[in-house]
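Okay, structure first, notes after.
The letters A, B, C and D name the chains in turn, as written, and every chain counts its residues from 1.
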Amino acid sequence: MRLSELLGSEVVDAAGRRVGLVRDCRIRVADGSWEVAGLVLGEGMLDRAAHACGLGAGRASGPWPLRTIAARVLARGLFVSAEDVSVWGAARVELSVDRRALTPLPELVPA
Amino acid sequence: MSEHVSARIALLDKQIVDRDRLAFGRVDDVELSIPTEGALPRVEALHTGAEALGDRLGGVLGRWIGAPARRLRSDGDAPPAIDPELVDQVDPFVKLRARFHELEGVAGFEHWLARNLVERLPGAGHAAE
Amino acid sequence: MNPSRVFVFTLGTLSAIGGFIDIGDLVADAQVGARFGLRLAWVTLFSVAGIMCFAEMAGRVALKTQRPALALARSRFGPRYALFGLIGSLLVTGLLITAELSGVALALELASSVHYLAWIPVVVLLVALVLWLLPFEAMERIYGVLGLTMLVYVVAVWKLAPDWQGLWSSATTLKPVASESWPVYLFFVVTLIGAQMTPYEMFFFSSGAVESRWRPKDLVEMRINVIVGFPLGGLLAIAIQAVAFLVFFEPGVRVEHLSETALPVGIALGKIGLVIAIVGIFAATFGATLETLLASSYDIAQYFGWSYGKLQVPARAARFTTVTLVLLLASGAFALTSINPITVTIVAVACSAALLPFLFLPVLLVANDRELMGELANGWLSNAVGMITIALSLLVSVAAIPLLILTRGGTA
Amino acid sequence: MTRGAVLALATLAVIAGALWYLQAPPRSAGAYRDRAANVVDSVHSQVQVARLWLGAVESGEVTHPAAIIALQEADDDAARALGDFEQLDPPAGTDEVRHRVSTLTGEAGGALAQLRIAANRGEWQRLPRLGRPLPRLARRLDALERETSP
């Protein structure tokens, strides 16, 4: 599975409801290699643009108009831990939990 | 909560340099394993080169960018991929523990041009310093 | 501060001046001066502020990360956006290489009265030799010092003994003269912005900072280059507008040739002045040929992540060397088709203006990444000027191509 | 059809439209007069430039190689402007405009050609005399431009 294919895949929750699209993949070092820690999900064109600018990973702290717009757009983003993914796929990712159990993105990446 | 980082920022599209800090490509894509029951996906390889880039861009332009590299590679060889074991550090660039000409199939065009064109020009062995 | 440091200051500053004035400025400034007087001088002030802001930002990113600004644009924005930027700037800068090459040949033509097409192959060879043999800094300094001869334009303004009151009232009238229409006026606003806020200057400046192995401790030096160099370039641009105004406006001359940018200096200062002006035009366009050529090759190499640069042994940057060579030969061949270099310049700068916001935005965002930039991240001033510049350049970007077509490149 | 194809077609249509706009011959009398005034203005500009260069040559302000090139450019441009204009078919009722513009710009072109030839031969002492008709030509061109402007 290529990372570029995973980005943009549709994500559905345990009940088969659409949660959003994969915007980013969070990785961490474990046992000397990288493993996927979780996925960042979002929806919409502005959200996609905000992630494309690095604002989704908290990597641009300004200028203020962009920061404020991005924070508002990204507020609806979600984080799903890799343990809660039941099926990995390049086009469709299925979760083993309900969408209400997911962490909002702003808790992960303060704007 | 920052024990994990964004793969988009930390890996994807990053400059790759070899042991001698010689630049030769970018992380054009990242191969993830599809895990068996209970395990998590891992980074299996870093793809570099026009072929991976072309696949990622898609469309006519992507095919056009990837075509020369695909043709240059002999049949049966896998497209160039870098074992993550070779990665020394990822900031500010992805730095490898190896020299780039030791890597199989990486930057073939660079070698080809160096051999067939640039080294034949007079004075090619010296930097203008 | 020791003397050798002061020396480096001056030389770096010189190259910033030399880099600011190129064929686009020579043509656009003289045309604007002849047709509108100083009524578009405010555009130069805006362009200088904008390019200073972004050159400083790109320079800071380069000092901190050892990576030029556009190289980081792909890491941040992904390959699609960066490819769009790459292709766009290649088209524009590619046209400019042709125009600058022709500019060098036209300067030689004025000096020798041998047709400029005959000079093109000579110039191509000269450029190749300079790139192959001279180290980066020496190259930058030689044309920087030679480019200083352009200051003869400032002297010429004084010598023409203008009515200063009239110049001032022209500069403060923000509308077209009676004989010109608003679309043409606006088209020349776009042209001046495109000629003076060239993205290649920014890329070249930041790539140059990397090539000169500047580090965060060189921040002050980098800033002095920006603060002295670009405004001086702007002063030169306004001086060219002023001399063209003083000599050509009254008789109703439309500037259509490079020879016409040199004539006012001759009228003001005699033969010596004319010769100095021709040397200046030669140096400015020659320097700009090197800059546009290297900036294009840098862009390509950085997009794909190849090793590049003049500090590298050519054989260790084979793809970069090849790309530079191919671009140089292709531009030379294009120039030899006897396509009108002035038209090429006008089209190139208008298209360049259309691209500006897309090339500035990544720099602004990367310069705001505190994790990457640390204490060198953007302050409020850079952000404020940067945002205003991007907002205005978005307007320019939308209007540029329609105005180019509507006014037939300003000739209607 | 895919979105990409639609986009590509639309772009092509816009480019074709722009090229047509730039190349289209004038069909109305007004557009033709506009074009005529533009040509006269261009030739007027060349005559004025030639005057400035002549003045500068006389007072020794410019080098001869530069003046040769400049006079050549003035002549080339005037000839090109006139040539392009004469290829256009005048719409009904503009024959008179065509005749007047062709005659006067032709006369100006002839004078500029004389200057170019003399400069190329290095007959610098003849230039002042050859340049004598230029001021009057410039005035007449200026007047004609005003008259033809729609």
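Couple of notes before you dig in:
Keep this in mind: a contact is a pair of C-beta atoms (placed from the backbone, for glycine too) under 8 Å apart; a residue touches a chain by one contact, two chains touch by 3 or more.
The shown structure was predicted, so the numbers you read here are calculated from the model rather than taken from an experiment.
When you average the Cα atoms of each chain and compare centres, the chain farthest from subunit B turns out to be D. Here C-D and A-C were compared by C-beta pairs in contact; the pair with more is C-D.
Remark: subunit B and subunit D have CA centroids separated by 57 Å (rounded to whole angstrom). Inter-chain centre distance (subunit C to subunit D, centres taken as mean C-alpha positions): 30 Å.
The distance from the centre of subunit A to the centre of subunit C, each centre being the mean of the chain's C-alpha atoms, comes to 42 Å.
Note on chain placement: the centre of subunit B and the centre of subunit C lie 34 Å apart, centres being C-alpha means.
Contact with two or more other chains is made by residues 76, 78, 372 of subunit C. The residues of subunit A that reach two or more other chains are 54, 59, listed in rising order. Contact with two or more other chains is made by no residue of subunit D. In terms of which chains touch, the assembly is arranged in some other way, matching none of the line, ring, star or all-to-all patterns. By the touch criterion stated above, subunit A contacts subunit C in their complex at residues 52-55, 58-66. The touching residues of subunit C, when paired with subunit A in their complex, are 76-78, 81, 364-366, 368-372, 377-378, 383-384, 386-387.
Note for the complex: subunit D touches subunit C at residues 18, 21-22, 38, 41-42, 44-45, 48-49, 51-53, 55-56, 60-66, 68-70, 73, 77, 138, 142. Only residues 1, 3-12, 29-35, 40-43, 47, 55-56, 84-85 of subunit B touch subunit A when the two sit together in their complex. Within the complex formed with subunit C, the residues of subunit B that make contact are 9, 12-16, 22-26, 28, 48, 50, 53, 56-57, 61, 92-93, 109-111, 113-114, 117-119, 121, 123-129.
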